[in-house]
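Got a structure for you, written out below as structure tokens; questions coming shortly.
Chain IDs A, B and C follow the sequence of writing; residue 1 opens each chain.
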Amino acid sequence: MTEIYPHKIESKDVNLYYGNFHALKGISLSVEKNTVCALIGPSGCGKSTFLRLFNRMNDLIDDIKIEGECLIDGKNIYSKEVKIDELRKRVGMVFQKPNPFPKSIFENVAYGLRVNGISHKTLIEERVERSLKQAALWDEVKDKLKKSAMQLSGGQQQRLCIARALAIEPSVVLMDEPASALDPISTSKIEELIYELKSQYTIIIVTHNMQQAGRVSDSTAFFYMGELIEYDLTKKLFTNPSDTRTQDYITGRFG
Amino acid sequence: MKKLINNLIQGLFLISSTVTTLTVLLIVFFLLREGISLFNESPLEGENILAVHSKNKVKTVSAEQIKNIFDRKITHWSEIGGSNDSIILFTSQDFDTYFDADELGSKFEHLPRKIDSLINSTPGIIAVFSKKYIPPHFRGKLVEVPDVSLSSFMSGREWFPTAHPAVQLGVLPLVLGTLWVSLIAILIALPIGLATSIYMAEVASIRMRNLLKPVIELLAGIPSVVYGFFGLIIIVPMIQDIFNLPVGETALAGSIVLAIMALPTIITVSEDALRNTPRAMKEASLALGANRWQTIRRVVIPYSISGISAAAILGIGRAIGETMAVLMVTGNAAIIPHTILQPVRTIPATIAAELGEAPNGGIHYKALFALGCILFVLTLIINLWVEYISRSRKNR
Amino acid sequence: MDIPIAKLYRDWNSFSILGFIMYKGIGVISWEFISEMPKDGMTKGGIYPAIIGTFCLIGGSILFAFPIGVMSAIYINEYTKHGYFRSFIQLMTSNLAGIPSIVFGLFGMSLFVNQLGFGDSILAGSLTLGLLVLPIVIRTTEEALKAVDDNFRQASLALGATKLQTIQRVTLPIALPNILTGLILSIGRVSGETAPILFTVAAYFLPKLPSSIFDQVMALPYHLYVISTSGTNINDSRAMAYGTALVLILIVLILNLTASAVRRYLSKKNNIN
């Protein structure tokens, strides 16, 4: 595995327990700036849990215990000085199911700005437009920004959620199976988008779909039963995995 | 600053969430405070005492015996362990019959002496009069009247909280009346409610259900006085006609009104339970060739039986606590009922009917709070029972 | 297959009570009936003071129960974790809901009327009724909050919103239709309760309007009770009783219709479905 400095995102020997269940076992992994890292593995292997470490969404779950360090730009995000809402402003997230708020398209994108105390009207308008453009949605919705976001198609909703995440100008974007609920055409649009976005953001994406991981990511991590089995450049991992379990998984023998 | 406001608001939320708990505790405190103090009270009204001739062997007379004596059901001291003399009654109302107004003096200053000589000259006398008239050198004997006790309160068969000269505080007729009316109400309501909920959950078309649901919600929302009024003008005369009774205000009328009132609860709760039967289970039964009715009977009902029983218990709880409708149609006679065609009086109806007339802080007032305690305990048991059933259902 | 008993019962139950009282009461209702004072030993005139009294009690009790109930539900659902504290509070709330209304009457009398010295007053009656509907407000609000998809909360938190911002801007607006429905239904409950106000506020006959929260008032359900059971001329006031009963039913009917209209309107606006 190649060492490149500086690491944008890094985890050092992270253990996570749900009650008595040991869900993540000593995970150490680093992702460099402006790359896409894919997390793959069978259901329940801990990849989504691992993803949610980096914006501390796991904190919402009762009875959870986290050990080890998670670093973004070299700072431990679990240290006491870090304010959780400040952290989440820097780390955007896109969920598995598109989940726009039952508000207008405009208000959805503006939401993150408003809760962060930005009320300047033209600034908000500029940011909304830019984010929608970045998410490749602007042309489709520019004439109906006041319409409810719930009227959009699933694929459009997901791109709206990406725009919503981008509006607060994060440096990291976490994506939890962002295309799993979408049709193939919408999926390819999202994948193109991810490819575009990586010039400005560092992206971690959880996916079930191995072709997708191969298409969009620079590096790939394979999780199995709470352990990080193998982490390498995507090309290497898919063509020449060093662990037999990785091989079995990517060739479809289990999972 | 922002953090401070956040914490303040969160604190406000926390305080609000404790209001229900505080209320329950306060209710318990106030009911007990008034209710328990009943048990240090003498059943004799006011500041009265009970006196007999000095040779009389009887040492204590219970409130029930006093009532029987003054009702002339006990006429000889021998019946309560005394001599063979017949009992002669004397109370403050008899001052005029025994004494001339002139003899007593303008401020009744001679009354104590007169009472003393009357008691001393009448071996069979039982005298009830105010403490302040006890003569200085009293030759008679004061008889002890036991205070109201928990056991006499719970097992007493007479409820005459305004009886003279000793109040009768036995809650048995009220407790039995309450349970009696509620149980019969459930016996009436459960089959009908269950049938309706099965119809709504399994048989009715969506359109029919959308029509019925609001009607049932409306029925649940109608105030209990309106049900009471309806019972009073429809059900009471109907019962009077059918059974040819002198009055139609009976336990049966109460049960029917309560049954109608409990229906929306029973229907809603058991319909929810029926609907929770997994589709796969029903389909499995149907796939094995069972028809719809067999599936309902052998799969759906057994699966949701705990929900249905929760509905029934909840219905009983509602019925036990219901006040106005019962007050209006049951006739309110405080007797232990033998048939459902007699008038009965329930605990809530008693409180509602009598609290207005009970002097604040008096024995009657306290007795009504003690009734409130009984009612509270009854409904608490039922609530905890329902809670237990529904929690164990959730865990399944 | 159809079950005839259920059908028979359904027709009977829903139409007899509503139908009968509507049939008898509709002729009594007139502008005079709802806008005039009662006259001639409550056998003539109207029920204006009872209507006003009931509105006072609704206003007072909702003013008290609604903020506390909603905040309480928010705390339970959004701030506490599953555990002893939460189940304890929920258990106490459901116990409070199961306490018979007459016990609330006893309690209100001894706490508000006597202990705190409010006397028989709108204040004492409203507080008593407020405590009575508090569990209903809490439970419906809790249900409404629970029905909000967790995805919305997570999306908001992931954008850096604080918990309070999330509640205020996302959770509450989405839950609003159901919360309002619960509020409206609890108004229905308040308007019809008699036992809690017997000893805390209700006046037998008081042909004037209240001037402060320490005044007694007449109230519709108590008025119906009085004129149908203990008036001096029960037979003469029967027509008034039908009219009062119909007004009570109409209030509940209007509230139910409003509740479902609100639910429909707001969820269409949110376009949740």
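Here is the rule we go by: a residue touches a chain if its C-beta (ideal position, glycine included) is under 8 Å from a C-beta of that chain, and two chains touch if they have at least 3 such contacts.
Bear in mind the structure is a predicted one, so any value in this text is a computation, not a measurement.
J.: If you tally contacts for every chain pair, which pair is highest?
T.: B-C
J.: Would you kindly say which chain has the C-alpha centre located farthest from the C-alpha centre of chain C?
T.: Of all the other chains, the one whose centre lies farthest from chain C is A.
J.: Report the inter-chain centroid distance for chain A and chain B in whole angstrom, where each centroid is the mean of the CA atoms.
T.: Measuring from centre to centre gives 64 Å for this pair.
J.: Per the centroid of Cα atoms for each chain, what is the distance between chain B and chain C, given in Å?
T.: Distance between chain centres: 25 Å.
J.: Taking the mean of the C-alpha atoms as each chain's centre, how many Å separate chain A from chain C?
T.: 47
J.: Which chain C residues touch at least two other chains?
T.: Correct list: 162.
J.: Where on chain B does chain C make contact in their complex?
T.: These residues of chain B touch chain C: 6, 9-10, 12-14, 16-21, 23-24, 26-27, 30-31, 33-34, 192, 195-196, 198-199, 203, 212, 214-219, 221-230, 232-234, 260, 263, 291-293, 317, 320-324, 327-328, 348, 351-352, 355-356, 360, 368-369, 372, 375-376, 379-380, 382-384, 386-387.
J.: With touch defined as at the start, can you tell me which chain C residues reach chain A in the complex?
T.: Those residues of chain C that touch chain A are 81-83, 149, 151-152, 154-162, 165, 169-170, 173-174, 270-272.
J.: Can you name the residues of chain A that touch chain C in the complex?
T.: Touch residues, chain A against chain C: 55, 57, 60, 62-63, 85-89, 91-93, 95, 97, 99, 101-103, 111-112, 114-116, 148, 150-151, 161, 164-165, 168.
J.: Quick check on the complex: what are the chain C residues that touch chain B?
T.: 1-3, 5-7, 9-10, 13-14, 16-18, 20-21, 67-69, 71-72, 74-76, 79-80, 88-89, 91-107, 109-111, 114-115, 131, 134-135, 138, 162-164, 185, 188-189, 191-195, 198-199, 221-222, 224-225, 228-229, 238, 241, 245, 248-249, 252-253, 255-256, 260
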